[in-house]
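Each of the next two complexes has chain A plus one more chain, namely chain B in the first and chain C in the second.
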Partner chain A sequence: MRDEPAVSWPMRAVAILALVILLLPVVIVVLAGLNAGEYLTFPPKGLSLRWVIAFLSSPTFMGAYLYSFVLALVATLISTVLGTLAAVYLSRSRSRAAAILRGFFMLPVVLPGVVLGLALYVFYVTTDIGLARSFPGLLIGHVLVTFPFVIATVTASMVGFDLSLEEAARSLGASPLTAFMKITLRLIAPGISAGAIFAFIVSFGQFETTLFLTVPNHEPLPMAMYISLRYKFEPTAAAAGIFAIALVALSTVVSARLVSLRRVFRA
Partner chain B sequence: MRRRGVSISEAFGGFRLWWLVLPAFLFFLAFFVVPVLSLLAISFNKTVPGVVTLTDAFTLDNFVRIFTRPLYYEAILRSIGLGVVVAAVALVLGYPLAFLIAKTEHPGRNTALMILVLASMQLDMVIRMYGLMVLMGDTGLINSALIGLHLIDEPLPLMYNAFGVVVGLVQVTLPFMVLSLVGIIRAIHPSLEEAARSLGASRGEAFRRVVLPLSMPGILAGSLLVFALSISSYVVPALMGGWKVVVLPIHIYQQIAEAGRWQFGAAVAAILFLTSLVAVFVYHRAAVLTSGGRT
Partner chain C sequence: MSDIRLVNLTKSYGEGNAVSDVDLAIEEGEFFSLLGPSGCGKSTTLRMIAGFVRPTSGRILIGGDDITALPPERRDIGIVFQNYAIFPHMNVAENIAFGLKLRKLPKAEIARRIEDSLRQVGLSGYETRYQRQLSGGEQQRVALARVLVTEPRILLLDEPLSALDKGLREEMKFWIKDLQKKLKITTIYVTHDQDEALTMSDRIGVMAKSRIVQVGTPQEIYERPKTLFVTSFIGHSNVVDVAVRRVADGMAVVALGGSELASRAGAGLAEGAAAKLVVRPENILIGTALREGDARLPATVVSETYQGAIVRYRLAVGDQEIVAERQNQAHVERFAPGTAVTIGWAPDWSETLLA
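And then the complex of A and B:
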């Protein structure tokens, strides 16, 4: 072979442009949140923590951040428990029903988020079961959209799981439940944690499904930022964004250590 | 290993394996299947503003209205057109990035690139739109820099129009395109390209005639996925288009939240769902081809 790089320079240039498009908006949000002026100019007027402090004491944004955090935490808990149980079934059953259910549980990803939110909203209003514009109603929407991520991550981590390990524990006298808890659950624990992290991030940043389900005056962070963005660019919102960016970056790095990202996203 | 499929039910005595999936299944039945089906049913009811009760008087009125009023069928065409443009742009930008990741052998650098793509995929869209709007607004960074350098007198119309929506949607969907392509590009054996080179093909020719055709399933899958995501987005057209680019999700919101026309909004939602379902179905077929039947 001739001595040349694996990727030609025009390809490399476009790839770098693509990376810039992905990352530049994030960099701008960080700069806007740390900038000293009333709004972001280029070059920035200098760095300051005034907007970060404003965010930490802002009832709107800090409240929304905490609300989103609690919502994501509860949604993650529910969908991780439901999803892990279902994933154990999906990866062990060879029945046709399992193959169909696997596709069925992925449907919330296919359905446009606005449509899912509207379907739930209409359902809550017509049945009058008190879920319309309530925390439990919003939570149900978030469990639905985070569930596929738990299923995908946990089933991926169970591929190649050696059932004979569980059988060995059984033959040594462990009860079925003990064998499952002490052997299987421990071995797939990284997959479950990664699935929970994905679920958390998806819920924390969820906008589309939330649109029709928000409780008035209790907006999650994406909704609060959306409302403020319609009128002006508040640097306080950007400061809130910095904390959200940090949360997502940290979670992705942690989940990359727990599971093979390539296997989960089939890349 | 013929005992594999049943071993857990054996291990748990009388426990049946499918009990594990029951809670999730019932949850989905109650809060996914029933709501989506009732939304579809309501779209066949006559529109009565402010009233939402399912009746058995079914009619096609809402759909007839959508396909005969330019306001609505143009929104369908606008959504589909935007989806096609965004898929094309995301492909042109995403392919080289996927190629670069696939060809990066260094494990640390490879993981770092994957994490960058994944983190940018998972970050809240509204935050990313904030960044883009600060960049592209009339008094934004690009326009004020260009005016400051005396290159232009009037700000360029970069957002609150279709251009802004396309940029926003490309930003949001690019990671999905990249992830659809990395696997398939990596699976193309380098010896195929080397064989073409040793037979006298130039680097560009080897790419066009060997690598690119072999990436086709990934290209198809990525484009359809990006298309489906683009036509489904509410927040990007709302912010980057400033309500001037009226696509299907914006119509849905306006019908419900502003006009209280539930049945009509449900009908628009049904059309959006159907369009995205067709795209995803073809995507799934393409993805099955990509993985050689291993889904």
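And then the complex of A and C:
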């Protein structure tokens, strides 16, 4: 194990403050979801599991939760594979085209989600290729939004990657594919895992782009929460938020464990 | 057969050549060094042989087979990189097993070979260590074991000692040479260190600016450098301006400081040409040390520097300076600064080259 680097007290204070500010909304949502009152209020009027149970027994919310989960899973799978391949290519190519491509791939991060959603929607409708308000159409949107995160993390893990490792494998008899799978892929696995976590979290919480692409009567969780709040100001949405936060936290912890387990294994 | 032929091998990277027209024949079992300054194209040549760089033109033959178009994994050539390239996610045994598993050898055979090869490189008991638990020298032995265990036809080494400290470098120099001799594996060794090349090689190819400028045994390279570049790159030499008087039978008579001296004549030397006389400090004799038939000329001692095993003299000859090194032994005469002396050398141990 590496020693913790020394961090000065002022830095620690700033870090703790930042953490508190970042976690505050999470705390508010959790408390609001545990509200005992009729309406979504803060501070809550007493604590109870009333709305948690309401969420668990609501077919709309549970369906949306499951739908978002599957959508995020599939989108993550696709963008992890595509993003990894793209990042490996981009970090090895010295051509001008690669630099331009990199910028192009990262575009969805800087482009407002609303603009991307609208653009896709207009494209689907005008070309009439059957993607408008369909699962594949929505999935494409989510892949576009999530795969820059995979590219970013995998590219970071490729920095300083020693190409002679792959060459050594080649001259020992490995085909290009074998060398890539047994050497490169194994060494950039932490970057890939990190990218996959990001992709999952981003897809699970994606709202703006989703807005234009959802299949009627199959709303992902963020949409379902929004719609529910527009009609009744009930804490069920906040209870759903608790489960969304729990899933994201769980996936982060699990993946971090997987990655560091591999590190431990190596030691 | 595993002799290597490079036929007009050339690699250009847009602006200029990294390797130009390299033509070489390396014999089976030979230890051949490519020696040259940084950027002269040694690594590029080696990487073309290994298959990582596609030649712009020319051919590579091993044992008569043209392998120019083969991918690295089908060349049966082992390479050890300067940074050793030990796979960091595998332990020593797994590193060594890598090539064997790809060859689909039975498990027991792989285990046996790992054990043998670790014994061969003196690392028995290191099986479960990882790269970051190994010193530079140990990593290098693992890299060698990993390559040799697959029994390649050719071994390529790209500056394998340059990352080690001086003491270890000396030790590994002899260790690698002994191992190569024992295995009789055709080896190409890339280095910019003349000591390594002179100590280890059967033959040396000296490279400069993308070309091979001279090929020969260490003795030929050291004693009979063909160009001023080789002269200046290998060891230290006196290089002084002379006027060529006569050239005949491979010998030249040149004028230096009012004296006429005989020396070997380099290629293309003709009467009246601008030329440089090359003679190594250790071959210069002073006073009574001179023998019958030596080239002689008068000189003045400028300074005397005591260096323990040797004594170093700076000598003025006309308006030029020559450095002489004498062994500091019993009965060897010493000369104080200001003394007028006769210096000289055996004509065969000096050479006049075109400037």
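Operating definition for what follows: the second predicted complex is superposed on the first by the 217 of 267 C-alpha atoms of A that agree within 3 Å, B and C clash if a C-alpha of one lies under 4 Å from a C-alpha of the other, contacts with A are read in each partner's own complex, and residues count from 1 in each chain.
Here is the rule we go by: a contact is a pair of C-beta atoms (placed from the backbone, for glycine too) under 8 Å apart; a residue touches a chain by one contact, two chains touch by 3 or more.
For clarity, every value in this text was computed on a predicted model and none was experimentally measured.
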(message) Contact-wise, after the overlay, does A:167 reach chain B, chain C, both or neither (first, second, both, neither)?
(response) both
(request) Identify the partner contact of A:187: answer first if only chain B is touched, second if only chain C is, both if each is, neither if none is. (result) second
(request) Return the chain, chain B or chain C, that is in touch with more residues of chain A. (result) B
(request) With the two complexes superposed on chain A, say which partner A:29 touches: chain B (first), chain C (second), both, or neither. (result) first
(message) Contacts for A:41 in the overlay, against chain B (first) and chain C (second): which applies, first, second, both or neither?
(response) first
(message) Taking the superposition on A as described, I'd like to know which of chain B and chain C A:17 touches: first, second, both or neither.
(response) first
(request) Look at A:248 in the shared chain and tell me whether it touches chain B only, chain C only, both, or neither; answer first, second, both or neither. (result) first
(request) Considering only the touch criterion stated at the top, classify A:202 as touching first (chain B), second (chain C), both, or neither. (result) first
(request) Please indicate which partner A:97 is in contact with in the superposed arrangement: first for chain B, second for chain C, both, or neither. (result) first
(request) Scan A:8 for contacts with chain B and chain C and give back first, second, both or neither. (result) first
(message) On chain A, which stretch or stretches are contacted by chain B in one complex as well as by chain C in the other?
(response) 167, 170, 176, 266-267
(request) Sort out for me which residues of chain A touch chain B in the complex. (result) 1, 4, 6-8, 10-15, 17-19, 21-29, 32, 40-42, 82-83, 85-86, 88-90, 92-95, 97-98, 101, 104-105, 107-108, 110-116, 118-123, 125-126, 140, 143-144, 147, 163, 166-167, 170, 176-177, 179-180, 198, 201-202, 204-205, 207-208, 211-212, 221-222, 225-226, 229-230, 233, 237-238, 241, 244-245, 248-249, 251-253, 256, 261-262, 265-267
(request) Can you check the complex and tell me which residues of chain C touch chain A? (result) 50-52, 71-73, 75, 77-79, 81, 83, 85, 87-89, 98-99, 102-103, 130, 143, 146-147, 150
(message) Quick check on the complex: what are the chain A residues that touch chain C?
(response) 162, 164-165, 167-176, 178, 182-183, 186-187, 266-267
(message) So in the complex, the part of chain B that touches chain A is made up of which residues?
(response) 1, 4-5, 7-8, 11-13, 15, 17-18, 20-21, 23-25, 27-28, 31-32, 34-36, 38-39, 42, 52-54, 92-94, 96-97, 99-100, 103, 105, 111, 114-120, 122-135, 137, 141, 144-145, 170-171, 174-175, 178-180, 182-183, 194, 197, 203, 228, 231-235, 238-239, 249, 252-253, 256-257, 262, 265-266, 269, 272-273, 276-277, 280, 287, 291
